[in-house]
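Paired with chain B in one complex and with chain C in the other, chain A is shared by the two complexes that follow.
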Partner chain A sequence: MKLSDRIQDDVVILEPKGKIMGGPDASLLHDKLYEYIEKNQKRVVIDLAQVDWMNSTGLGILISGYTTLRNNQGELKLANVTDKIQSLLTITKLVTVFETHDSVEDAIKSFER
Partner chain B sequence: MDKPQISGNTIIIPSSTRFLADVDEFVEGLLRDWGTSASVIADIAISVSELVNNAVVHGNKASPNGVVTVSMRREGDTVTIDVADEGTGFNPAEIDDPLKEENLLKEVGRGIFIVEQLMDKVDIAVSKRGTTISISKAIA
Partner chain C sequence: MDAELVKTLLHFVVGGFLVFLAITVVRDNFGSRLNRATGGVLFFAGLGPLAVAIDSIMQQPAPGTGGSAMYNLYHMWELFFPTLVVFSWYFPVDRLREFRHPRFRYFVFIPQVIHLILVLFFFDIDRLLVTVSASEAQGGFSGALMRPFAYVLQIMLLLIGYIISNQAAIFGSINLLYVAVAVYFLESGRRLQTNPRLVPQTEAMVWAVRLGIGLYVAGLLGSLLAASTVTEEVREAIFLAAALVGTVFVVYAIVRHQFLDVRLVFRQSLIYTVTSAALVGLYIVIGVRVTEFTRPLFGERAEIVGYILIILMLLLFQPISNWIDGAIRSMFMRTRSDHRNIIERFSRDIISVFDPTELRRKIEDTMKTAMLVEKVFFVLYDDEIGEYAILPSDDYARRTIVRRDDMMLRGINLLDRPTSYASLADYGEGSSLADTLTELRVKLILPMKDTEHLLGFLALTAKVAGYRYSPEDYNLLGVLSNQMVSALTNARLYVDSLERIRLQEEVTMARQIQLDLLPSQPPSLPCSVICAVSEPSRTVGGDFYDFIQIDGRSRVGIVIADASGKGMPAALLIAQIQAIIHSEVNNGNSIAAMLRNMNKQIALSTSSEKYVTLFYGELDRETGEFEYANAGHNYPILVRSNGDIELLEIGGPVIGAFPFMEYQSTRVGLSPGDVMFFFTDGLSEAMNEMGQEYGEQRIRDFVRSNRHLEPDDLMKGILDDVRAFDPSTPPQDDTTIITLKMTTRGAVLDERQVQDIR
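Here is the complex of A and B:
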């Protein structure tokens, strides 16, 4: 997995690419997420457009970020969720937890509402 | 053993999650050779990653001396993959239901559940030498 990150309209955008399966690449996403949380950046969008698939380790990282941000009056949202990941969110019922958007722009706008 | 070893349709890795990507490359490569669709490859690859992760972390307790063996075979249109560790096994009945409201936000504990959803068949065999989980799925 590769990971790029940026700030757009005061929202953190994380863009993982490849597969999120555990091991060193998973800690990359976890560490970057917490790097921003520690900087008090509390609005985060994870753009999943280029993620082929993820396993329960990847879901665990999303949950960890979601709960940490929520407990600190922040929010984590997902954008461009692929069919494979949407299917995983559905079978694990995590679809009821995460707010998802069709694009990063839509996710950013949703913070303003 | 300090790096993965491949022999035919089998890959053996040292007991570390550092080698998850090696297993994935091996498994996906063989599935592509067998003409498997991208969606089914993803389902199987996700499942194997769950089992190898569990084998390293829970089975072998990440012991540097342990190994995890992943063997693949094709019978007709069905692929079966065995993931074997050297641990003492586990009781699936003791795993909390990840769909229960109180477990929904737990960061771990849904690996085997996901495997059961994505694969057609899951068999768990525990012996004194370790645990082997066999998963099967039709690829055509």
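Here is the complex of A and C:
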């Protein structure tokens, strides 16, 4: 997994690319989140448009990110969820936990409300 | 050759060699106090025999009779005794460091200097007395001027005269006292010495002093106590022997035990000088005597045979010299301290050492014995803590962490060869490492680098007894550091491999424990046929299934679960799940409450990325009713006998991700011919070479079209189908399947059948 990050309208956009499969991926995302939390940037959107595949460990990484932000009074939202990940979220019934949006812009707008 | 000439020659050779040795020792390392002191001892020891020889050549009266200032220079050699005392303060333990005023050490020379002044300027005391008396008796102005001083002068001269006439007893006693002091310090120093390299050096030097001084004392006491029996010749022979024995032991200590840490070149030239001199001496004796041997055999022609023999000997000189040189060299020079030997021994020693502590001991021993380093400190990168740490030599366990941004550490990182610590002074500012190294009196830094990283470095203090680090030492340390790098790397890899083996053993054990947790066989129920299989991937997996007989009720619990991730964390999580499930079931809680409690316990006791997808259902054997809750698990498939498919998806989120979650359960009625198919994602996510997944739809289709098969055959069939799709062995992920097929609507089980369930 490669991870790029940017800030758009005061919201952190994380863009993982490739497969989210655990191992070093976990610390990569975790470290990045903490980096922003320390800068008091706690509104985060993960853009999953370029994620081809995610296994159960990968889902664990998303859950961990969600918990980390929530414990620091932040919020994590998902955008551009692919079919594969959508099905994973559906089966695990985490769709009720994760807020998903069709585009990054929608996700950013949802913070303003 | 008369006896006088032989004696003179011997004196000359012994004295000359001692002086030569003294000059060479001092020149080898003028900066070292110890070399200067040893040179002084040897020089003054050599002066005695030399003065006798020169005096004899100049046809002066025999020693002891007094007579000339030149002859009395002979007494200069007595400076040997105070020099020996000073030497015993340096070697083998440097006691001068403890002296508050080290310059006071020169005071020990005072008695011998006074003696020298007396014998040089007052040797003809009678003539001085006559001169003084004559001046006093003289009339006129000068006589009047001299008169008041004359008495004082006369008394002083008489006193000096007394001292001179008894000089042998007075200064001999002082010399003996000095000898006693020197022997005391040498002996006590020898006992203090622990360095294995210095012990034999000290022994040899102590023997040199013991034997040399012993002979001298014997000669001196003999002539004092039994002057009538010990002639002058005997006394001189004893003194000469003392000088000779002392010299031999000093040379032995230098050549064999590398006393003074002298360089190889010097030791070799010393051997060459000694062997050549011995051979030349032998040749001279043979040359002088050759006609004596040949005359009885060859008569008149003896002269010619003698010449032929001498020519033959000259031709053979070089080969013989080389042979003797080689023999002595092989006997003496293959010492533990030769650099080539050190390298050979070191690499042999450390190649089989894999224990890091043992390795450090070996390195430290080599530094101390081969290089005479006083103390060695290790600063090494510690894999466990990911930091550099200082390990003091007396206790490797007590380590001090070095900050990674320490300036001195950065400076050392730039080094690629042994470097003096003083030259790193620029990096010392604000560095706590530098403060520590300075406090430890470190003199030399030996960096240890592999191709990319600084593994650490050795910090060496000064060498013992004030020896300095020579350019050869720097070269040797450079070579040793390369060997240390490979040894340290080997040790690290070895520790890693041991750790891997240990982990592998643990994984195997965990795998076995996990297999033991699975039911040995499915329950036999009158209403249905159940079969189950769990195919492990290569490691300890996170799949789990179980059948639970519920006390007092006609229900059987069926659970299938999959923990996120693999390996030990997943296995431990599964073990925890199994324990909670059994306890919850036996508490009689509803399925929804059971999952809620389980989720809370797991979520609060593990990190949020660890979770379990779990399906739990209870089949009522009497009614054929199936109540279940699905906690985020792959939807089990219910294929009705008519081919309709229902997915068992009601429940709640995965277990363990978030602590406060609610679950709901639901019931389905089962009829004969209905098939329930439970599986984990190892089956649905089996992937072929094209990167396509086997997929849930394919599973549903397969189960539906094969619903008429016995559960066993159905299971085997789908496993075969999946393996044909993804032939990788072992499978990429754990694969677990439970198949249940209803045979009747349900029946009451007797006790025996209940027992069979577990």
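Just so it is clear, the second predicted complex is superposed on the first by the 111 of 113 C-alpha atoms of A that agree within 3 Å, B and C clash if a C-alpha of one lies under 4 Å from a C-alpha of the other, contacts with A are read in each partner's own complex, and residues count from 1 in each chain.
The definition used in the following text is that contacts are C-beta pairs under 8 Å (C-beta built on N, C-alpha and C of every residue); 3 or more make two chains touch, one makes a residue touch a chain.
Quantities reported herein were computed from a predicted structural model and do not represent experimental measurements.
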Legend entry - Fit-or-clash call for chain B and chain C when the two complexes are aligned on chain A: clash
Inset, instruction - Classify the contacts of A:50 with the two partner chains as first (chain B alone), second (chain C alone), both, or neither. - result: neither
Inset, instruction - Examine A:24 and indicate which partner it touches, taking first as chain B and second as chain C; both and neither are also allowed. - result: first
Inset, instruction - Identify which of chain B and chain C touches the larger number of residues of chain A. - result: B
Inset, instruction - Could you tell me if A:60 is touching chain B, chain C, both of them or neither one (first, second, both, neither)? - result: both
Inset, instruction - May I ask you to decide whether A:110 touches chain B, chain C, both, or neither, giving the answer as first, second, both or neither? - result: neither
Inset, instruction - Tell me which partner A:91 touches in the superposition: chain B (first), chain C (second), both or neither. - result: both
Inset, instruction - Residue by residue on chain A, keep only those touching chain B in one complex and chain C in the other, then list them. - result: 22, 55-57, 59-61, 63-64, 66-67, 91-94, 96-97
Legend entry - chain A residues within the chain B interface of the complex: 19, 21-25, 52-57, 59-61, 63-64, 66-67, 84, 88, 91-94, 96-97
Legend entry - Complex interface listing, chain B residues touching chain A: 16-21, 24, 39, 42, 45-46, 49-50, 53, 98-99, 104-108, 110-111, 113-114, 117
Inset, instruction - Write out the stretch or stretches of chain C touching chain A in their complex. - result: 562, 564-565, 607-611, 613, 631-635, 649, 651-654, 657-658, 681, 685
Legend entry - Touch list for chain A against partner chain C, complex: 22, 26, 55-57, 59-61, 63-64, 66-68, 91-94, 96-97
